[in-house]
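Should a chain be cited, it is by its letter among A, B, C and D, assigned in written order, with residues numbered from 1 in that chain.
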Amino acid sequence: MEEKMNFILLVPILFPVIAGVFLLWKREFQKRRSLLIFVGAVLLLTGAFAAVGILGGERRFTAFYLTEELPVFFKLDELGRLFASLVTVVWILAGFFSFAYMKKEKREKRYFGFYLITFGVLLGLDFAGNLITMYLFYEFMTLASLPLVLHSQTGEARMAGLKYLFYSFCGAYLALFGVYFLVRMGNTIEFTPGGVFESSFLLEHQTLFLVITMLLVLGFGVKAGMFPLHAWLTAAHPVAPGPASGVLSGIIVKGGVLALIRVLYYLIGPDFLIGTKVQKAWIVLTLITIFMGSMLAFREPVLKKRLAYSTVSQVSYILFGLAVCERTAFEGALLHVIAHAFIKVCLFLCAGAMIYQTGCKRVEELRGIGKRMPVTLWCYTIASLGLIGIPPTSGFVSKWYLGTGALDGKMPVFSWLGPLVLIVSALLTAGYLLPVTMRGFFPGEGFACRREKEARLMTAPLIIFAALTLFIGIFPETALTVIRAISGVCI
Amino acid sequence: MGNHVLANYGEVVAMLLFGIGFTNLLLQKNMIKKIIGLNIMDTAVYLFLAEKGYIEGHLAPIIVNGDLSPDTYINPIPSGLVLTGIVVSVSVTALMLSLTIRLYRRYHTLDLDEITIRLKKEGR
Amino acid sequence: MNAVYLLLVVLIPPLAGAVVAFAPWRRRAHWMCFLELAVILNSVLVWLLLFNRPADTLTLIHFTGELSIAFRLDGLGTVFAGLVSFLWPFATLYAFEYMTKEKHERVFFFFYTLTYGVTLAIALSDNILTMYCFYEMLTLATVPLVMHTLSREAILASRKYLYYSIGGAAFAFIGMIFVITYGDTTEFLLGGVLNMSKVGENRDILQFIYFLTFLGFGVKAAVCPFNSWLPKAGVAPTPVTALLHAVAVVKSGAFAILRVTYYSFGTDFLRGSFAQNAVMAIVMFTIVYGCSMAVKETHLKRRLAYSTISNLSYILFGAALMTPFGLVGALSHMVFHALMKITSFFCAGAIIHQTERIYVHQLDGLAKKMPKIFGIFTVSALALMGVPGLCGFISKFYLASAAIESGNVLSYFGIGCLLISALLTAIYMLSIVVRAYFPTGEFREETLEGISDPNWMMLLPLIVFVIFIVGFGLFCAPLISFFGDIAGV
Amino acid sequence: MNAILNFPCFSILLAMFAAIISSVLKGKGARILNTCVVSIVALMSLAALIFTVRTGECYVYVMGHFPAPLGNELRFGALEAGTALFFAVIMLLSLNGGRRKIKLEIAENKEHLYYVMVNLLLSSLLALVYTNDLFTAYVFVEINTISACGLIMITEHGRCIEAAMRYMIMSLLGSGLFLIGICILYDLTGHLLMSDIHASVEAIVAAGTYSVPLLVTIALMVVGLAIKSALFPFHSWLPDAYGYSTVSSAAMLSSLVSKGYIFLLIKLIYRVIGFPIFTESRVIDVLFIFGIVGMIMGSLSAIKENDIRRMISYSSVAQIGYIYMGFGLGTLAGMAASIFHILSHAATKSLLFVSAVGLTDVSGNHKDFERLTGAAYRNKAAGVAFTVGALSMVGIPAFSGFVSKLLFAQAALDQHGKMLPALIVLAVSSVLNVIYFMKTVIRIYTPVQTGYPSIKMRENKLFVMTLLCFIALNLLLGMCSEPITEWIVQGLHVFA
């Protein structure tokens, strides 16, 4: 029975893609309402299918062979489950947020079409069972999300979109260099926890593998906004419509993280990396990114850009955790994946809601926003606290794990430098996020405004995200059991 | 070396003359002088041939008194060659002269280079 | 099948072309049908031949001594002949529609079909002399096509084309002489025909000569210092640029190089020599250079032509690896690039035909009016970039894995070049796509009044090609294993 | 069969007598007589060729009653007979192709004189081909020069006369050197008959004496003939002479006269000096260098030229460079390649000259490229023929030029020292050929609106037929080269 049902893995991938293509191909809907119903139904159904897959047992499915050596192969393992559930939750919620947000935008049909396609592609990325399949979906992820960035079709958006595209492909091709080698040198390209290479084989080709690893890190790091190829992120995320920038920052950057985990922990094996120059270089890069991202966010006046810089910084927390190659840090990284996803989506959605409601984009314009949109700003505040890492939010837990993990790691300098940078960056985070809250709630003397009506379709997802942030912060064990299962096999 | 030159002074003179004629034919601008150079050159060759064919004390290769012994006469072949050569040289000289006359009539100069320049200017 | 058919397939196209050009025809439709049928018939014959390969050689003329003009069908020839004969009927169909706006149609189609025959002859050549002969013939047959419009630009372009091609052939000629002199036979045999006892101490010279030959044939394959004819030749009507300057002619150059490398000089002899390194360096440079120029270029067809330059060098990179896997990679890219590039050129041609816009910046928002064309163009662009799931990825993958397999450090850098070029491809292709689909604010839709997708004669070939691009991208195992058989992997 | 042995002598005499008779005939009569004579000579040479190829031997024909050391001899084998046949055929075709222009350009009262010169030229060429006596060769060299000069100057164009003058001067320099060379050789060996000289030269070399005079002699004679056949630095007279004389003259001069001297040079190398001795001397390297320099420089000059006839003339300079390069290789194969190229170039070059005139005719007699634009559409036959000639020059397979290129390259491979320069120059020169010939071809096929009338093929049957014959000849050389090369090699073996 298990055997027969394996193709079910394909359903949540193909269903939204087909629905999205159908939507693009179809003429305009007569009423906006029917469009929304269609999209909503697809989102929920996909969620259901994905849940069936995620909650079911171990599944493996080979769809077809690109060539004899390259099967397109899907497999559900713990890591995939984790990411897939994350994607599903965020995507559906952000989708509902979009229903309200997109009212003011043109070309809704196209937006939702690609939104659905991207959903499917992301699930495919999470379910991918081997390197080639993952790479396939990785590239499609870039392509499918491009129209979301380009949506407003202004000159700025086009520039940003092209930047996004070219940086992403640059990264993809850097990584592809490594992919070629991994495919050719390894016995298998199926993801196996702990790596597929014999350590003696790795030592024999040490230089080559170091180069490959570095390229893979740099390449997939592009998607995760790692210095030096991070510039696309702050250009592309802010120009997208609010919910789109939310999912871009919250989920799609995690595609890079997932790819890195896959190649480093499931193909090459973390043991190889420990103590090498590549690891040091990588850690340096992540620390630079963390610090730089925060600094840049600190002096950025436009809210969404500020959040984008914050993403740059925060995702590198995750990368730092991966780079340390230590169990606790790894767990922290995964936890931060979840935490950051919820938090950043929440923040971006808040920003979107504010823009939607008031049209204000710059931080100084948002004075007194708390009076006008209290719910939104409360959610924003909770998420901000989470991002800073104040208990009892999820950010605190993940950063705690990251910090202790780094201290446990047996690296000479970085074991103390890393946590230090994390803390400095956290301070900076507080510095750039909280002013909005403070000005919002305490506009100061002589500020008068009335409370505006907040759309329920918007506030509901915000509240859910904020709640999730708190929930994971208070009950981290829920997530940690899954994460421990992963780290147990990987390291 | 010196001995050889002295012993064969006729040939040496012929070669010198040949060189003079050759240089004149090649380098003179005036066409008439060129033709003179040509003739000097040819004559030098005849001198050379005659010198080679001459045997001290022998007679010209004309049979007189029915004496058929080869020792009496000089080698007849070079003489024959000289005669033939003279014919050739004369005809060539005639042709050259006629060409020169034509050119002179048309361009009123004997300088070949000047004629060439003028032709180029005409552009035809 | 009998080997005589080999001659037949070479002769049918020129004859049919001649009939079209010189017979009195009443209506355009008549000769169109006739020509299309003839081309299809010929292609069918070719495919029949491919499936029932005649084993023997057909010798036509003896030149001197062991030199002769002869035809034979072997593995490599099968690939090229199959490729050409697959594309030609579609291209002809497309050309019928495209050429409605041009003059001297019948003369054009005469040369167009003539080229078909000559290209097949190159594919079917049994020995190096035959290939050389038809290689030269190909240049001559295609010159009238390049100068078709007879504008000053076209004349200059065709001049340049001629100088480059025949000049290149002159250098290839030297290589041919060496193969004739130092080889056991002039035939093409996998692994090379050089007689090592004859070669003796002349290894270095022979390797140098190989380098010259590579450059010579490389002129047609647009290797770097000799590539400027190809973008210039883009003044020709699009069916020519698409079929000849993306497939038939340039691939003949690549085909000739593959022949010379694998079948005449032999890879064992060349591998590891300075010639291999030199060749590889040139090829790598061309890969990057072509793409960079394509990014700089704003003329649509010229941009694609530069892209061709770069992609041809992918094939040559496979040749320069000098391993069986390299041959597999080269062959697969030869086939796949042909599909991809002819598709993108045909799309460009359709755009020119429908809108008369030739520069990239004029394409804003066109996708809305010509959704089919731009959809297909997007697929071909993605395939050229090497997005997995489309055929470009497969050939790049095989090239890269062959490079890894060969263990040559220089070839690792070659992979880097491939990827840089892929990135640049993304830039120059997707910027067109983005422009067409996402016009910016200043764009006015009214300017595109009356523009629509072209009719079925243009669309049908495109759709077929796209199906193959996707099909091969998803499922190409039999094809690759066939290439493997050819290369003796 | 004995009758055939007389044919060479007969053909020389026939042509000479025809010259004498022509001088008293009217233009038309002279023309007919000339055509008959050339045809008969061709037939006789054909008979001789078939005879000699079949027997595979070489025959000596004694003139008069004096036997070997004193008397005068003709000697002919397959190579001589074939060359004679070829010369006669080319002459016939060139004359036919230029017939119209001869009538137009030459004053009516001088037409018969033209044929006098042609007949003389034929007889001297035949004599050069057949003779076995050095001094006879010299005399006919001069006759050849004089008649060639007559052919050039007959149109009385100012430039022709000037060219004729220059031609004469260079020729006389050449023949002067040749003559003094003969004299010294005679002095060294005491013989004038080639075969006898050869025996003596071998003896001298074997004895090791007189090495310097021998070298000087070889150098003098070779340089003399090189000047006369317009090897590169001595070519200054050539473009004007070929470019402005009437077309038949140009065709014959380029394809026959210079080739006659080259044939004599081959004779000198093989029969007089002996091939091994020649290849050991330094002269051969000098020839090689001049050959390859000529190949390049000739083509470069041709590229610069803006006059179609002069361009073709410069191309001749380059082609003569090829031939000398073949000599310079110093192998049998190189020699065979040179001989093949003599034939192929003769066929191609006269074709080019004749068809170029067909093109200039329909362009208002202008020879510059600007006015020639689209000429191929106005005179289709000439356009096609010119294209064929150009392709052959470029070395496209199936045409004769390709085969000679092939033979040259193969010959070069045997010579290690000279292999790379020869091959590379061969390639470079092909590239240069492409540039100027293909430029012209594209130019004449570029249609423009002009006021020049076009000529229908029907109006000019003789011309079209001639061109067809030329093309057929070219293809014959290109496609069926095997028997021809075999014949050359066989002929070379019995040549010495």
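Simple rule for what comes next: a residue touches a chain if its C-beta (ideal position, glycine included) is under 8 Å from a C-beta of that chain, and two chains touch if they have at least 3 such contacts.
The structure presented is a predicted model; accordingly, all values stated were derived computationally and were not measured.
Visitor: State the chain with the largest centre-to-centre distance from chain B, centres being mean CA positions.
Guide: A
Visitor: Centre to centre, by mean C-alpha position, how many angstrom separate chain A and chain C?
Guide: About 43 Å, centre to centre.
Visitor: Compute the distance, rounded to whole Å, between the mean C-alpha positions of chain B and chain C.
Guide: Spacing between the chain centres: roughly 68 Å.
Visitor: Quick one: report the Å distance separating chain A from chain B, using the average Cα coordinate of each chain.
Guide: 103
Visitor: Quick check: what residues of chain C touch more than one other chain, meaning two or more?
Guide: Not one residue of chain C touches more than one other chain, so the list is empty.
Visitor: Indicate the residues of chain A shared as contacts by at least two other chains.
Guide: In chain A, no residue touches at least two other chains, as defined above.
Visitor: Which positions in chain D touch two or more other chains at once?
Guide: Residues of chain D touching two or more partner chains: there are none.
Visitor: Pairs of chains that touch, anyone?
Guide: A-C, B-D, C-D
Visitor: For the complex, give me every residue of chain C touching chain D.
Guide: For chain C paired with chain D, touching residues are 61-65, 67, 129, 132-133, 136-137, 140, 143, 147, 150, 155, 158-159, 162-163, 166-167, 170-171, 173-174, 177-178, 180-181, 205, 212, 216.
Visitor: Show which residues of chain C lie in contact with chain A when the two form their complex.
Guide: Those residues of chain C that touch chain A are 382, 385-389, 393-394, 397-398, 400-401, 404-405, 415-416, 419-420, 422-423, 426-427, 430-431, 434, 437-441, 473-477, 480-481.
Visitor: For chain D, which residues are in contact with chain C within the complex?
Guide: It comes out as residues 391, 394-398, 403, 405-407, 409-410, 412-413, 419-420, 423-424, 426-428, 430-431, 434-435, 438-439, 442, 445-447, 479, 481-482, 485.
Visitor: Okay, in this complex, where on chain B does chain D touch?
Guide: My answer: residues 18, 21-22, 25-26, 31, 34, 38, 41-42, 44-45, 48-49, 52, 77-78, 81, 84-85, 88, 91-92, 95-96, 99-100, 102-103, 106-107, 112, 115-116, 119, 122, 124.
Visitor: Note which residues of chain A are touching chain C in the complex, please.
Guide: Touching chain C from chain A are residues 64-68, 70, 132, 135-136, 139-140, 143, 146-147, 150, 153-155, 157-158, 161-162, 165-166, 169-170, 173-174, 176-177, 180-181, 183-185.
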